[in-house]
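See the structures that follow.
Look for subunit A in each of the two complexes below; its partner is subunit B in the first and subunit C in the second.
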Partner chain A sequence: MNTVPFSLRRALLIAQNTLLEAARQKLLLFFLLLALGLVVGARWLRDFSFGAPELKFLADCGFGAMAFFGAALAIAATAQLFFSEIENRTALTLLAKPVWRAEFILGKFLGVVAVAAFFCALLTLLLMAVLRWREGELMREFPEAFAQGGVVSYGMVALGGLLQWLKLAVLVALSLLVASFAQTQLFTIVTGFFVFVICHLQYLAQDAYTRAGSWFAQNVGGGLASVFPNFQLFALADSLNAADAPPTAHVVRVALYAAGYCAVACALAVYCFRKREI
Partner chain B sequence: MSANVSSKLSAAVPAVEIRGLVKDFSSGLRGLKLRAVDHLTLRVEAGQVYGLLGPNGSGKSTTIKALLGLLEPTAGECAIFGVPSGRVEARREVGYLPESPYFYRHLSGRELVRFYARMCGMGGATLESRIDEVLALVGLTAAADRRVGTYSKGMLQRIGLAQALVHDPRLLILDEPTAGVDPLGTAAITELILQLKARGKTVLITSHLLGQIEDVCDRVAILDRGKLILEGAVSDLVGRADRQALVVEALPENELAELRAWLAARGRKLETVETPRTRLDRIFLERVGKKDA
Partner chain C sequence: MRAGLRTTVFVIASLAVAGMLLNRVAAPAWSAAREKQPALKLDSSMTAAGQGVTLALLGGFRALVADAAWMRMFARWEARDLPGVETLIHVVSAIDPRPAYFWMNGARIVAYDLPVWRIEAAGGFEAVTKPVQERIRREQAQQALRHIEAAMAFHPASADLWIERGSIELNKLGDLAAAAESFRRAWEQPHAPFYAARLHGELLRRQGKKTEALAWLIQLHPLQPPDPEEPKADVVLARIRALERDLGVPPARAFQPAR
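So, the complex of A and B:
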């Protein structure tokens, strides 16, 4: 009996189809337009800067849009693109082919991660363009304040976009894990948002528990810290200056941290999905 | 092992073998068991057209899903060409058309068939010609570049057949292939099944439209509430070896009386005299088919 080995090619075909499906739907366009609107419109929201330097405020708006709408896109797209296969019964035809369920899960993951990459890349490029344009205006208006040259490091902005994408990849993997055992799309979306919030507040919980001092509280804190990734690790320092750039080793560690969580969440999703009745 | 011995051995392996299949579904909070398939045993030999018949809810689709490894059996075993259904390898030689098929609406018919062909490992120079070939076979060449979302029910059924056939599988599983399809489409599907049979393919069809199945199947199994209630060759089940029908030109009453007397002299009896009828679907096909041609 000839075996059918796991095929990365088939997983990539499923990913390609998932990306195409997302691109031809209105969901991606909707979140993209909202985020683009916020990035471009940040120029006229300076009244809410609360004294922060204008360029820093623009960058915060851009990364905020990427984080918030990116998270909404990652969770909603994962749930929608996964459950559309189940509810429309396209998974029935697909999994009746010589396809491993692991290939299906990996394909879905890579497809939505590609959607997130497109989203982050576009927003990062737009944010760079907005910063460049405003920085140019400010340099003409206040040449003395820019005597040393530009203050924005565009490498830092690109790095910020990359870190946001890594964070979204982890969120996609966690949402896919929920979808692999959830019965409804709504449950996946709601749970995905809870996970997103927990991951953002994970460091606070860990801190509070470890300060509690008791063995039980410390272990619960440690457990939570292991189960939920710390999304604060994916944030840049409060500066756009190249001098404040994180060391390369730190960026590599964060990338490995994200890859580790993605691998574990996808493996668990495959485990949950392997016996699921289609 | 010589090619001759090898081909004899592979011919001995049934295309489909189901032994003691049981499938229970839990329902409600108390987890009450609903038995969809109840100790079903079937064997489909290679090269046969086999009908799995029964009313709605009789367990036909559940059996097919268990056979394809899409559902975990509660008990029993299924195998395709001797390979257990739970294994990915079992699905390599299978083309499957699900009941009321839904496909990726964002793809065109050609893109859809290409996607499934590549999922089955096809590629290279022959891929595009094979896609053209199956699209022509199911009569969708003209609509190949339209989005699947714009297809009618009959066209969906045909593109479903194209994706099932594209990798030239040895076994074709068709779940209610003619449900909701008009008589022209049904005739085309019937014709296609007969062509596949002539090419030595095994076809497993489920349907609740018994008349349509009767025309194409070699053997049938009838399920009711998950249980096998009848199985056998169609000719054995519907034919009556102790009766014959003779079709003659219309006889006047006196000649009919002579015929009765002639038979009576030989200890025979003329049981019924009736006017042969054609079928509505044949009239429809003759009229509409001619107009379309």
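So, the complex of A and C:
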């Protein structure tokens, strides 16, 4: 029974510690180097681009690296940083002190979300730099094609990075929920990847069940679509053109959607973790 | 055991309730996203499922993986490996349906190259009878048109796809009416090239619909952009005059251009 009130400061201290722990681990560095290498290297892969315009191809590679390695990082880091505390018995020491389990979960969540923010921010800035550099080269090479000025909207690139981060934050919260009752790190990682894929596909299940027409099928589809967040929502900024920018209200709605799922998944993780024997 | 089940049910029920409320928050953004991205509102569940899985697993890497598969297709094309080329054309479009380039070039290969390979594999142009050659050409053209039809689900406003469709209907099926309709649809799309409209008029004329062709070209004439190579040439007016001659239009009722 906790005799001290809930403290956000203690949660932030745990988050800070989680962030430092993540920085010390090779996992972050590994994914970061892979993603950075790909974003910078995309410049030399452009000769293999047939279908998409070159700058769009570069942006696709950048966001591909952010989504793929970001998801791998979010799931693996959550599982590793959570289970390392349990396996090394530091969780026991920590929770023997006047620290709420809710503070522990919130701290872990904020710590990994901060790692994801650092990852997305760094990649977004690098992607912007690569795009700026190549756009400048193309403008000098083909001035007539850029008579109206630059074609890349850096606001859209930044928005794309922000939406990727929101998606990763939801994935971190869901991975933490799985970790809160899972017995092994491997189970958490594998389930996390399944959740990631399901969240990208859930809208299809809803469509299919809606088309089935029956009341039961529609409710099953609706239920599935409610349990798993829709990750396709976070692809609102899949363009380099400022004219394709989504309205601010839509971006705010997507941010609220992500925040809502994070809050609920974290609250449920606390609920499960409170029942868990450490 | 019972406590575990209770916890699981509670977690799922809580997520479902929260999700129902949150889906309402995101509904306008989701509707707008679906409107803008044709892949998210495909009629075919199988195609959409393929797209969803590809997007989930590859994300932005789709472009890179599709390019690699397209190069592999070229290697198979050089070896004249018909099943390999056919398969890879579909694989590339499934991995990344966004560039119209893959769809159009895929359709061209299916319509123009594969019939030649099939005829050569069956003994060559000398050995294969004309009706069989014609059947093979038609089969391949129909397959290419199905490929373009699939492309239009992803690129509903692409003039290039309608032009490609019209070209195949014209050159491979000899279907003047269908080709004329496709070129007209191409002209209705944004950023359509002017020649699509001109070809529609020409195909009306070739079908013997000279009055319709004349009316079409007359309403088209003011929209004609100057030819950068021959700024003084007025191709549409020349065709209008030819049609007026054919139809016996008296000089007093002949079309008078505004410029």
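The rule is simple: the second predicted complex is superposed on the first by the 270 of 278 C-alpha atoms of A that agree within 3 Å, B and C clash if a C-alpha of one lies under 4 Å from a C-alpha of the other, contacts with A are read in each partner's own complex, and residues count from 1 in each chain.
One rule holds for everything that comes next: contacts are C-beta pairs under 8 Å (C-beta built on N, C-alpha and C of every residue); 3 or more make two chains touch, one makes a residue touch a chain.
Everything numeric here is computed off the predicted structure, so don't read it as measured data.
When the two structures are aligned on the shared chain, A:215 is found in touch with neither subunit B nor subunit C.
Applying the stated contact rule after C-alpha superposition, one finds that A:95 touches subunit B and leaves subunit C untouched. In the superposed pair of complexes, A:44 makes contact with neither subunit B nor subunit C.
In the overlay built on the shared chain, the residue A:254 is in contact with subunit C alone; subunit B does not reach it. Look at A:24: by the touch rule set out above, it reaches subunit B but stays clear of subunit C. Contact with subunit C, but none with subunit B, is seen for A:60 once the two complexes are overlaid on the shared chain. In the superposed three-chain model, the partner touching more residues of subunit A is C, compared with the other of subunit B and subunit C.
Contacts of A:230 after superposition: subunit C is touched, whereas subunit B is not reached. Touch criterion met: A:68 reaches subunit C, while subunit B stays clear of it.
For the contact definition in use here, the residues of subunit A common to its subunit B contact set and its subunit C contact set are 275.
Within the complex, the subunit C residues that touch subunit A are 3, 7, 10-12, 14-23, 25-26, 28-30, 32-33, 36-37, 40, 45, 48-49, 52-53, 55-64, 66-68, 70-71, 96, 98-99, 101-102. Subunit A meets subunit B in the complex at residues 1-4, 10, 13-14, 17, 20-21, 24-25, 88-90, 92-100, 275, 277-278. Listed in rising order, the residues of subunit B touching subunit A in the complex are 65, 68-72, 82-83, 88-89, 91-92, 94, 96, 98, 100-104, 106-107, 115-116, 118-121, 160, 163. Listed in rising order, the residues of subunit A touching subunit C in the complex are 42, 45, 48-52, 56-57, 59-68, 177, 181, 196-197, 199-201, 203-204, 207-208, 211, 222-223, 225-233, 235-236, 238, 244, 246-247, 249-251, 253-254, 256-257, 260-261, 264-265, 267-268, 271-272, 275.
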